[in-house]
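Per-chain residue numbering starts at 1, and chain names A, B and C are given in the order in which the chains are listed.
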Amino acid sequence: MNALTVKNISVTYDKQPALEQVNFSVPQGSLTGIIGPNGAGKSTLIKAVLQLIPKSSGEVSVYENPLKRERNRIGYVPQRSEVDWDFPTNALDVVLMGRYGHIGMFKRIKKKDKQLAADCLAKVGMDSFADRQISQLSGGQQQRVFLARALSQNADIYFMDEPFAGVDAATEKAMIKLLQEWKEEGKTVLVVHHDLQTVRSYFDHCLLLNKTPIAFGPTDRTFTYDNLQKAYGGALSILAQESSFLGRGG
Amino acid sequence: MQELIELLQNPNARWVLIGSILLGFASGLIGSFVLLKKQSLIGDAMAHAALPGICIAYLIYGVKSTPLFLLGAAVSGLIATYLIQAIVNHSRIKTDASIGVVLSVSFGIGIVLLTYITRHSGGNQAGLDDFIFGQAAAMVRSDVQMIAVGSLLIILLTSLLFKEFKISTFDPQYAKGLGLPVKGLNAILMVLVISMVVIGIQMVGVVLMVALLITPPLAARYWTDRLEWMGFISGLIGAVSGLIGTAISTMGDGLPTGPLIVLTASSIFILSLLFGLRKGLLIKVVQRI
Amino acid sequence: MTYGAWIILTGVLVGVTCGITGALLVLRKMAMIADAISHTVLLGIVLAFLVTQSLNGLPMLIGAGAVGILTAILVQWLDSSGVQSGAAIGVVFTSLFALGVVMLSFIGDGVHLDVEHALMGEIAYVPWDTWTYAGINLGPKAVWMLGGVFILNLTIILLFFKEFKVSTFDPQLAASLGIPILFLHYLLMGMVSFSTVASFDSVGAILVVAMLIVPGATAYLLTDHFGWMIALSAIIGALASIIGYGFAVWLDVSIAGSMAVSCGLLFTLAFFLSPKHGVVSKWWKRKSFRKSMATS
């Protein structure tokens, strides 16, 4: 069963095409990396799929239903740089925000929501920081809080926008472990990712993108030199020289 | 002291004081969101733009009627907000200059209309220039009741939508992802802020109204890291400022109310800046030692 | 000179003095700091009056300059201590202005200085308040003061023309070139204070904001050239004063108010019709571009 089907999504910014004719379907229980050079439209794709920005055309269905009807099954982890970290709020409070969709407008937060949020914070190893004002957390800790917030939504599909950017190695390791657990539970995860070195070990599926999809499918079939060449162009040769991420033995 | 007791014995003055407390609380509460949305100066433009709206309402209906004045003020405040956005969206003018242009020109229009009314409508200004700096002493019972009811409504609505306002201010993208109607929430907040400005200008005046929206939350931020507490403390600071400012203004003859309320709020801000428990200057110095 | 001519001359001087200064403010994204200073200058004037017990030009200039610079310093300081700049501007200007207004209401009624005057100014009285030296009538004091400040501002701008240009365009580059950007910043704040206090008598504290910001913003829509923008801003300020005076006489309304409104009219014209940056011309260009795409 496909958890997510994206048909013909196109987005234009200021009359410039940012995404053209994106089509793909993600099977349930997969962990997909969205890979591509800077400006390839990776974040834009996530935002267009979630209908956070207006798209020019296209359709998105979640478990064969229109996205609007399945909002509560979707979790979103935005880029860390997009919020005001001086905002008067603490870690637990941010996690609680994940419950707002379930609680509903005008209604008050219940005790069991608070308990759930505290559990989620504990799951990412942040329970001792619950009362901390969020600007006093390190980059990795902030990202863990965001992850706990997504966790508290209890969603079936997660979209994560560069969750590993500016995060320490220990956090990255803990996070990827959590994502793999989600996958085992049958959840579907899509991650915008930058580091080509780790693609093979992190993701079972891969979407190579440069304004339009270059390849989509299981990682060992899509994450090839030829496809990367198509996505990255000249920039790849420099990347390839420095690393052996393609698994071709250097 | 004697004067204060006399003041409290006067039922009219009691109403005015209750009105000023509620007004201060409501503006402190809603001001927290204005501040966090970084729209302080837009609030300033809204308040200045209220003046032409009031004058036009007077020119159309030819009578002094507070509800009509407030309607006019609300409409011109909304237009000003829209214009600021439109100028930024459709030209190379940046936000600060756009606010400045709209603010100063609409105030100019207000002054022109005010002098037109003075010189052409039989000299009776209908107390229009009380709107510039606010005059609590000039308010009648029904004015004060409107302030009280309006403020209570704003406090109620803001409390009901508190968590939605909070998330759509902190992380609008995420809020949209949760399926919350972020655009609608922003529109509601905007309407509440304009209503607040409109209700407040009678007491505080158009020139200084913005202070009641930004100074209390700015001061409250030095005492807490939680938005819920910040809104409440900010409301309290607003209420205390409203009470003290109005009391002094009605006791002394002819002292404008708005500047006195603002000065009280500013004094609380300075105290908070120095002695606040979060990021206050004293705490910072102590921590350094 | 006739009564009307003196008023027009005063208005034009306000226009050009504020115009040349305002162009810099708009480019440096400091329009709202100017708004703040033009309010707080009232406190400086009141303080100067309390010290000297007169409304003399020089003490007023000094008082206004000091409070103007104080405003800029306070805003800068709050900003760097973590208060967002819009709120910092708001809290500083409302505090100092409220203080000015309250102190003003303690000053007796006999003095030619009251709240209404401070806000709206009364350009209509300017021609009568003349300066007599050795028995000769030298014309209105306001004209002398405005003329003096205009020459001062113009001299500063000409003297530091390229320094202002570089530090406006790229402050970091300017700093690396050893240009004293902080000095220039406060110099400009001083110029704003002087322009405000000189215009105060004629157009009042709040309408001086229109003269400071709107002509500069209008010029910004019309030209891409730094020097031209300053000149154009002065011309627009002067033009707005003349048109505003005409309207005011015609409709019998506040002269200062209608000068601000004419600033707004000129801005609106430029907003729609500017050959390069106007809404209409941009729309026209897009349309003809599409047409040429369709035919080719």
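The rule is short, and it goes like this: a residue touches a chain if its C-beta (ideal position, glycine included) is under 8 Å from a C-beta of that chain, and two chains touch if they have at least 3 such contacts.
It should be emphasised that the depicted structure is a prediction, and the values quoted were computed from it without experimental measurement.
Among the remaining chains, A is positioned farthest from chain B, on the basis of C-alpha centroids. Ranked by C-beta contact pairs, the top interface belongs to chains B-C. If you average the Cα atoms of chain A and of chain C, the two centres end up 50 Å apart.
Averaged C-alpha coordinates put the centre of chain B at 26 Å from the centre of chain C.
Distance between chain A and chain B, defined via averaged C-alpha coordinates, is recorded as 41 Å.
Across the assembly, chain C contributes 82 as residues in contact with two or more other chains. Considering their complex, residues 35, 38-41, 43-44, 87, 90-94, 96-101, 103-105, 107-116, 119-120, 129, 132-133, 207-208, 210-211, 214-215, 218, 254-256, 258-260, 262-263, 266, 269, 279 of chain B touch chain C. Chain C makes touch with chain B in their complex at residues 26, 29-32, 34-35, 39, 81-84, 86-87, 89-91, 94-95, 97-99, 101-102, 105, 115-116, 119-120, 206-207, 209-210, 212-214, 216-217, 220-221, 248, 251-254, 256-261, 263-264, 267, 271, 277, 279.
On the chain B side of its complex with chain A, the touching residues are 36, 160-161, 163-164, 166-167, 169-171, 173-180, 221, 224-227, 229-230, 278.
Residues of chain A that touch chain B in their complex: 47, 50-52, 68, 71-72, 74, 76, 78, 82-84, 87-90, 93-94, 97-98, 100-101, 103, 105-106, 109, 133, 149, 153, 159.
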